[in-house]
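Consider the two complexes below, in which chain A is the common component and chain B and chain C are the respective partners.
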Partner chain A sequence: MAVSAKARSSAFLERASVEARFHDVDPVYAETRDIRTLGFVLFLLADCILFSSFIFAYLYLRTSAPVWPPVVDGKQIEHLDVAFGAMNSIVLFGSGVTMHFALESWKNLKKAAFNFWIVLTIALGLGFLSGQAHEYLSAPMTWTGSSFGASFFTLTGLHGFHVFAGVVFLTVLAIQANRGVYTGSKYFGLVAGTLYWHFVDVIWVLLFFLFYLW
Partner chain B sequence: MTAALLERTIALIGSLIVGGTATLQLRNEWPVGGLAADVTKLLLGLMILGCVLALLASLDILGAFAS
Partner chain C sequence: MDVAAHPVEQHEAHDHIHPAPTGFIQKYVFSIDHKVIAIQYFVTGLLFMLIAGSFAELMRIQLWNPKGTFMDYHTFNQMFTMHGTVMVWLVLIPLVTGSLGNLVMPLQIGARDVAFPWLNMLSFWLIPVSGLILFSAFLLPDGAPAAGWTEYPPISIQQGTGGIFYCLAIIVVGISSTLTGLNFLVTIFKMRAPGMTWTRMPLFTWATFATALINLFATVALSAALLALLFAQAFNVPFFDPARGGSPILYQHMFWFYSHPAVYIFILPAFGVISEVLPTFARKTIFGYKMIAFSSLAIAILGFAVWAHHMFPSGIAPWLQIPFMILTYLIGIPTGIKIFSWMATLWGGRIQFTTPMMYALAFLGTFSFGGITGVYLACVPVDFHEHGSYFVVAHFHYVVGGGAVAAFFAGFYYWFPKATGRMLSEKMGHLSFWLFMIGLTGTFMPMHWLGLEGMPRRYASYEVFAKAFPDAVFWNRFESLSSSLMVLSVLLVAINIIVSLRSGRRAGNNPWGARTLEWMISSPAPYYNFKKIPIVLDKPYDFTQPLPYRNLDDEHQDPYPVPSEAALPRGATAAVGA
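Up next is the complex of A and B:
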């Protein structure tokens, strides 16, 4: 009974501490938050332009080729495995949903739930990268053998690098969050991490369509 | 059950779950204002589109299956 009362008291104090942090609004942070968000969105737009350059190069190569996938040594390259691509895409899209849950958990001061969702997001991101590695090993073309292979490996490699960077980003965010860097009112890093992860998801939507479905 | 059929089944079930959850998240995010929320809405909407593409691919409506 005494232990239970002590545990309740401890839980109450912890909750009060979290709520105190939630109401601790730093005026400088509040003023610069929107500017930071704008800066991060501009960074994502710059990244969009980088991907656009490669995507337009792919579109040019594809539309100027007489047949697609191209013919190499008298034999047409096989289409990519759509079933596997769809499954791997869902792994990545699922990680976008779990990252959104992680941010919402943090906003609602549910730290245990936040930890669960962000770890699940990182695991799904690593799962997607493993799927990409499998795809590379079983791809019916090479990087240097055809314009299809060059486009595929360059664009999905660039995207894979972004996913890897995102996994590192989210890992750092999880460590920072557990060390008390973010509070209930100051969590720009988590917002930036969520936006970045959604962005990586959306780029894959386009790549999935271009390489697997079109 | 072949590997391709298993992958299609996972993609089908996954796209329904992920797409449905993302739609609910978008609906909850809809009344929120601000740049971050607006960008999130856009990105969630595009992700739902991705789920629809994966769903159509898993049903063999889009794309050419390898086996």
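Up next is the complex of A and C:
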């Protein structure tokens, strides 16, 4: 990796040495963490563009349609089940809260609590995915039938894929944390996992509004 | 907490240098060294350029006669589609951002590599993968994609499986390009040498920064557009099917939202190259440093707000057309700022007509010409008239051939000594320059008036047009002959490289007497780039001041660098310099 230490600005060195004195962080690690954090945030921003492109497509198709939901074979498509969607959303948002607790427990060196919260997060993530599976099976439209179906299945599918990847990500993190890969001062992986999980949450807020509430 | 499980390696922050790999595979194939990756990008890009160039030559043979009997029309469609697709995604992106950006940017900011070297290697290796996917489409029963490099639905959906391969290949390039953008952004944000503030950064690095922004944000939108097209082709998803509530215009919006900024992915690094080459060979400070740097950013940002000017005749709402026209005109302002700053840089300089300088000077003319026809095309009524004609082909090739490619060659001749440690032959360099420029003018200049007369682009035969405009036959033959000069020029570049690698003169650290950081270390640069990370005190371009660096590896560096013997033609001994 790019761990090759590159000491750059003197301001940086000063800050790093302060951190090192008080938090036992070596400057090379602090720098690597800085670089990785920025890289990861930029990755998430790029991912936002992916979603916003498809959201743009959905808005474009929806606003140019004569009636919404569209009419297929002479019958208007029913609205999605808001109650079920809301319940599933609560499961996902809840997992965001538990992930926050997991990271905080790690920072406070409470390993048992960390394990409890991260396992709960993974379970909630899986719960959301099975909710989505139910939603897909009982959806009032198909992927290929209408612009509504095309947008709904593509966007929620992309999001579901992100949740699935997140569940895998968090599982790997939980295993690594228990193997001692992370320490009290070096846990960038956990920060990245938390950021990613919150990102997936935020995207769902938008999707829930666009497909269920609007 | 199990802290002791993984003992912390304590590094001394200054002297952490990894040893260079010794195995052939790690050193040259799966290398994580940005300088080797740059050369890999270059070789790949040049190979694809020869392939895509030969597609263009086949088209020119077809157009020798108005009847166009050399190949059947479907093959012709495949040729122009593959020519555009390969040139845009597998030639320009690898050459301009991949090769020059990777070689020069980390050296210019005084870093030992990019932020994520492994990711950089991945970015490169996705390019040949994409090429394999794209070219394997020729083996399909329906042939390669044939709906134009833009692959507009519904034609792209109706053409068979070729379009699926197009989508897959370009999504792979998109991922590569996004990762490169991310990598470069983090590198420039976090890894500049101490003292290198934003307003002391070399202008090529500024341009790379602006490009990386577009790479990161626009390329994902392209991937999204092609993902939608892929779903539409492979799974019959009705994004673009009006019968089921979709819209073909939607694809054009999604596509151009990326692909207009994409043009700036080629042209912004080109601007960066010109901003480095001109002051070095005019022996004079760059004029308007900040204006050049910030206008790159302005172009990158404005570039996101002009996409619909590609779609005026597609039937977008009239109230949308006028704002897009005005926004497009606005891009002329930052571009004009750059052109005038470069001309002011030349004013009163002691100009040395080396090969890179020849390309840079020609760039000022050819790019301005292409830019001005672009302003002309942005005007809504004119665009309605010219959109489907050769005028657009002429405009685009002046901007890309006379802009991006000319500047790429300027950068190639300029930094080749840094990459390899050898000088290229100036004689062959000048010859290839003249071949390229005469070929470019001869090929694309007549397209302007052919287009104005109404010759439609993308037609395999122009029999009907030639009846109305008999001169068309002469001009098309003139173009076909001229275009072969450009092929000769690129072949000459390849010969020049081979000769130089075998028997070129040693370049030394700084053959051109340039002042940016990459010239302060040996050529080729050592694996770790800088033994000691340099300290930067000022902008690099002031030729009247001593070099603004401390802590250089080479302690005997002349504070006022001048061009070395190696850079001068054989036999010339007079000291040329500041």
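Heads up, the rule we're going with is that the second predicted complex is superposed on the first by the 190 of 214 C-alpha atoms of A that agree within 3 Å, B and C clash if a C-alpha of one lies under 4 Å from a C-alpha of the other, contacts with A are read in each partner's own complex, and residues count from 1 in each chain.
Keep this in mind: a residue touches a chain if its C-beta (ideal position, glycine included) is under 8 Å from a C-beta of that chain, and two chains touch if they have at least 3 such contacts.
Keep in mind it's a predicted model, so treat the numbers as computed, not measured.
Return first, second, both or neither, reflecting whether A:Thr144 touches chain B, chain C, both chains, or no partner chain.
second
Between chain B (first) and chain C (second), which, if any, makes contact with A:Ser53: first, second, both or neither?
second
After superposition on the shared chain, which partner residues are touched by A:Glu78: those of chain B (first), chain C (second), both, or neither?
First partner only, chain B.
Which partner chains sit in contact with A:Val168 here, chain B, chain C, both or neither? Use first/second/both/neither.
So A:Val168 meets neither chain B nor chain C here.
Should A:Leu61 be classified as contacting the first partner (chain B), the second (chain C), both, or neither?
In the superposed model, A:Leu61 contacts chain C only, not chain B.
In this superposed model, does chain C or chain B come into contact with more residues of chain A?
Of the two chains, more chain A residues are contacted by C.
First (chain B), second (chain C), both or neither: which does A:Asp34 touch?
In the superposition, A:Asp34 contacts both chain B and chain C.
Which chain A residues come up in both lists, the one for chain B and the one for chain C?
Overlap of chain B and chain C footprints on chain A: residues 34, 38.
Show me the residue ranges of chain B that touch chain A in the complex, using the header's touch definition.
3-5, 7-8, 10-11, 14-15, 17-19, 21-22, 25, 34-36, 39-40, 43-44, 46-47, 49-51, 53-54, 56-58, 62-67
Going by the contact rule at the top, pick out the chain A residues touching chain C in the complex.
Going through chain A, the ones touching chain C are 1-10, 13, 16, 26-29, 31, 34-35, 38-39, 42-43, 45-47, 49-50, 53-54, 56-57, 60-61, 64-65, 70, 72, 109, 111, 143-151, 153-154, 179-181, 183-184, 186.
Inside the complex, what are the residues of chain C that reach chain A?
Residue positions touching the partner: 1-3, 5-6, 8, 10-14, 16-18, 111-118, 178, 182-183, 185-186, 189-195, 216-218, 220-221, 223-225, 228, 231, 235-239, 244-247, 250, 253-254, 257, 528, 533.
Inside the complex, what are the residues of chain A that reach chain B?
That would be residues 34, 37-38, 41, 44, 78-87, 89-91, 93-94, 96-97, 100, 191, 194-195, 198-199, 201-202, 204-205, 208-209, 212-213 of chain A.
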